[in-house]
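Down below are the structures I want you to see.
Two complexes come next, and they have one chain in common, chain A, joined by chain B in the first and chain C in the second.
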Partner chain A sequence: MMRARLASDLRTIRTLAVRSFAETIQSLGIYVALSIIVLSVSLTLLVYQDILATDYVLVLSNPFSLALVVAAVMFSIYLGALSCISIAKEKETGTLFILCAGPVNQVNFILGHLVAQLLTFLFMTGVLLVDFFLMAQLTQFYFSVRVLLGLLYAVFAVSAISLLGAFLAVLTGRVRAGVLAFIVVLLVGIALQILDSFLYNPDLRNVDANLFFIGRAVHAMNAVLQWLSPFAHLLNGFQALAIQNWSLVWLNGLASILFACLFLFLTIRVMETRGVRPE
Partner chain B sequence: MSTPDLSAEDCVIQLKDISKSYAGLSVLRQLTLEVKRGEIYGFLGPNGSGKTTTIMILLGIEKPSSGSYSILGQFGRLSASQLWRKVGFVPEQQHLYENNTAWEYLSFFAKLYQVSHPQRIISQWLDRMGLAEKRNTELAHLSNGQRQKLSIARALLHDPELLILDEPVQGLDPMGVRDLRMLIKELNQQGRTVFLSSHVLSEVEKTADRVGILYQGVLLAEDSMASIRTRLEQGTVYQIEVLQLNEQILAALENADFVSTLHCEGTTITLKVTGEKDYRDAISKCIVQHGGSIIGWTRKEISLEEAFMTITDQQVAQWVDR
Partner chain C sequence: MNAPRRLWFLFAFLFMAGCVPGTPGLPKSDAVPEYVYTGSIFDGIQYGAVLSPAEQDTLYLLADTVNAVVVKRTEVYFWEITQEYKADWEKLNQPLDGTLEIYQGNHLFQKLERQSQVLVRQYDSQLFKEIVFGPDALQRFQAYQNDIQRYRKDYENHVKAQQQYSEELWDRYQNPDKYRNVPLRKEPDLPPPLHEFVSEVALTYPLSLPVGSFTMRVVDSNGRAVPGSEKKLKTIQPRRKGISYVVYTEHRWTNQKTSREPEEVIYVGAADSLFLQPFVQHEYYADDYLNLTEPQKKHAPLDDWMWVDIHPLSGEKLQTRDAKNHPGERDLIPFQVQQLPGPKLGYLIVPVDPNRPESTPSFSAYKIDLARETVSAIGIIDQHSLRGGADRQIRRIANVNPLVLILPVGITLSLGLIAVSLRKVRANEPLPERKKNGHRCS
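This part shows the complex of A and B:
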């Protein structure tokens, strides 16, 4: 009985994932996003090559690391927003309600969308690898296995960020509000980082005491954010990969998995509390 | 919450003292009803009476504040109990994937419902619903009636035992309404139980075997169509065509204590008498005594719709209090 139900659930998740993935692949959005990401990454690599040449650097262990970070962050933002839009759209148009009045439950629904996001990530990664390969030919950069490791690691962070998007989608229940909330979360994170880099300065104590204490508060908030934000886990993980600190890689990977589980739980709870009918 | 005792095997839907409130506002009040296997149950009530909420509870989408219920002997979300295999649901609004074609839409649901031989079944339902020519048309370009038919086809793909329809005639033209009525009867003859929720009373009257009338979250009546009509009618309407119709006749009839309403148009008097007693003799004597002669007499059948509309809010409130 349990096995039959599990098989049935897996089939439901697969059907939902294939549908959502096909919709993404058939839309213009993914190709616009891919073009922007590939251009940004290629530009980063070319600029990086110029800087290395200027600094007379002849050997570099992983020349793709910076481009990889740029790509992973852009992938995450795109997939988080995509997750938010697709789930909020299902709620807003009432198709979620129709699904849940049948064989789909909330967990299947969210997991179906998550699998679709991961399939989209794989598709985009494939395109990126082709770009990396071409850039390696153009720049003579060495294409190491660590690029693949980095992309593999990004799967955890992408899952967590996709589920953050899903959480914001069910919380707001509307596409526009969901995307707005996602952008606000991103901007708050970026603003804290920027403020922290400017205000966390011991010399400020002599200039302005108030500013100094604000700087300390921002720094504390940013430190908390480093533990809470899936984006921070992504960046920290990449840094750990660059210095080959495997325990730190695992720690950040684990944090991403934990946050993915937390967002999944919260998303399901919100769906149960607020219902699946369009608002 | 416990499931109610399912003593009768033939009970497909059972609600027992179901109440539901949203933010202190009572939507359903101790609703108790039963739907038997193989019947068409009409769930009547004006908009906002709690019909859709009842259906949401049955489907496990909403949880009742109190009371117990079962659907095919189980309760909770359909997906949790594999009940979705036996239940088809057509909502009030279709909520379709607008950029899908009719074929893609049904294929997706056929996969979800794990339909065997999906292509044959989909073709069959598209043909049955008159949508075969629209199979490759995007759903955004379908008319409201066609969308409703597609929604019904979707609900029937997996050959459910129980079909729950929420306001199914909404948006359908008269032909569509007739087709749907025939389809419901055909499905019922094949052994399916149909739970038909509607505010279009005349439609339910033509289709349902039994009816439950819901008003402000209270089930006012639950019985066969004939019994419900008797209960609602509370009187009889006569249309009498009179020669030499004069003021005296009208005044005499208006003063008769068994006449509740009287309306005159040309030579025709339309009057409603209270109670179940036959007053035809008294009426004819009254007309003849005042110099009139009767040339036509018809007993007007009150449709359920008319009868329902005659119940004023006050009467309903009294019924509720009782």
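This part shows the complex of A and C:
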């Protein structure tokens, strides 16, 4: 009985995932996101070529590291927004209600979406790896296995951010509000990070006492955010990978997994509490 | 304002207040008598003077190295210009007698008494690299004083001999016939210079501890802790050790790049020759190391690691490998940078001629002649084996047309347009046909 139910659930998840994935790769959005990432790879290598033309010598541990960070952040933003839009749209248009009237339940629906997001991530990673490999062959810049490791490592943070998008979608129940909430969460994180880098300077104590206190407050908030934000886990994980600090790599990966589980739980709870009818 | 709203404001205010970790202490402008820790601490490169006033709660040291500290009572004032606490030694300079107790947690780890101590450096160097304690320190200082006396005597004799030599020269000039068959004797040599400098003898505690956190204090002859002499102590050690290379080409020798990590690749553009200057380097946690070397300098907490060049490498050979993995070796060679003669700007980098004493080296480096050889990897041979942390890849980069590099962007966008077009075409297909092809969900 249990086995039959599990098999049925898996079939449902697979059907939902394939449906969602097919829809994604037939839309222009994914190719625009990929183009931006590919452009960042090309521009980075062009800049390095220019530096070599003037300085004759350049020392780099990983010429693709900047592109890797851009790619991971773009993947996360794109997949988070995609998750938010598609789930909110399903709820807004009533498709979710129709699906749940059949053999689909809330858990299957969210897991189906998550699997679709992971498939999309793997598709984008595949395209990007081909680009990295071609660029490395063309320019002779060294393509390190660490780039591949970094891309695979990003899957934890991408899952967490994707589920954050799903959570905001079910919480708001509307596409516009969901996307807006997702953007606000992203911008607050980025703004705090930028403000922290400018304002957390002990020398400010001698310039402006008020600014110094604001700097300390922003730093404290950012320190909290470093533990809460999947983006921070992603970037800290990359740094740990660069210096081969494996315990820190696993710690950040584990934090992302915990956040993914938390957002998954919250999303399902909100769906159960609020129901799946269009609001 | 209603009650819940007021509560929210109160909560926000408390949160902001909690984020601000206290008002920073106003700098002191008046001198205050207090106990300070001072002495000579080793930073991996040399011994430097340290002043740790009461305002600084922790003293940082390198683990498993010998350092010299002493507690003194002095007047401490804040110097606004450099934002540092300074000691007015002239006004008050009173060493604190007693035993230095070092605790690890509540466990008494070490008890130290003050000993005679000197610092030693080579005469041609400014870096104190050796510290000597106890009777050896007194012997070393005495030997240095004897050397100075000997050198003074030798120099006086040299001045006298030089004077006689000058007089003889003048006499030769005045009476050439007198010296017609007498050969000119050799000009007197300068006495051999002193080879080392030894500092004045000081009474300090020899502090050498393993990695960890400690507390220390001075207890007087009655076994009572002297109030104000407590200080935290943190000892640090390098996380990694390796070799750094300062890399430059003959075209732009002023534009130097440093390669610190073994994973780094040295990319070379259109240059004919490459110079690699090797250094022994240690990697420390940046915040700890800066607290050790610049304890009073305010810096933002750095959650990062930093490499520190300890000393230049000398004597070891560079192993090279070409694209086919054939090994080769080369020595570290002293080079001199020479300005081009004439009005034309430019310079030449040439090996130092050992037969010309006036030819002083500008730097010592391994040279790779890229015009005549292909080198794809390097390492340092240390006693017949390759030294860890010294491997690097070298890659020559040819310029690729920017349009070729941008091409993948166009391909990706084209793929997107094709996917969207196909979707539209399939959406316009008649429904029964789609059912027949099995594309529609049941």
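For the reader, a short list of remarks on this structure follows.
FYI, the second predicted complex is superposed on the first by the 265 of 279 C-alpha atoms of A that agree within 3 Å, B and C clash if a C-alpha of one lies under 4 Å from a C-alpha of the other, contacts with A are read in each partner's own complex, and residues count from 1 in each chain.
Just so it is clear, a contact is a pair of C-beta atoms (placed from the backbone, for glycine too) under 8 Å apart; a residue touches a chain by one contact, two chains touch by 3 or more.
Just so it is clear, the structure is predicted and the values come from calculations on it, not from any experiment.
By the touch criterion defined above, A:Ser144 reaches chain C but does not reach chain B.
Once chain A of one complex is fitted onto chain A of the other, the partner contacts of A:Ala71 are absent, as it touches neither chain B nor chain C. Contacts of A:Val175 after superposition on the shared chain: neither chain B nor chain C is touched.
Contact with chain B, but none with chain C, is seen for A:Ile98 once the two complexes are overlaid on the shared chain.
When both complexes are overlaid on chain A, the residue A:Val127 reaches chain C alone and has no touch with chain B. Counting the residues of chain A that each partner touches, chain B and chain C differ, and the larger count belongs to C. In the superposed pair of complexes, A:Val38 makes contact with chain C only, with no contact to chain B. Look at A:Thr12: by the touch rule set out above, it reaches chain B but stays clear of chain C. Of the two partner chains, neither chain B nor chain C is touched by A:Ala166.
Common to the chain B and chain C interfaces on chain A are residues 15, 19. Residues 16, 18-21, 24, 83, 247-249, 251-252, 255, 257-259, 261, 263-271, 274, 298-300, 305, 393, 395-400, 402, 404-406, 408-409, 412-413, 415-417, 419-420, 422-423, 441 of chain C touch chain A in their complex.
Across the interface of their complex, chain B is touched by residues 5, 8, 11-12, 15-16, 19, 23, 93-95, 97-105, 108, 275-278 of chain A. On the side of chain B, the complex with chain A involves touching residues 56, 59, 61-62, 77-80, 82, 84-85, 89, 91, 93, 95-99, 108-109, 111-114.
Interface residues of chain A, counted against chain C in their complex, comprise 15, 19, 25-28, 30-32, 34-35, 38-39, 41-42, 45-46, 48-49, 52-53, 55-63, 127, 131, 134-135, 138-142, 144, 146, 200-203, 205-206, 212-213, 216-217, 219-221, 243.
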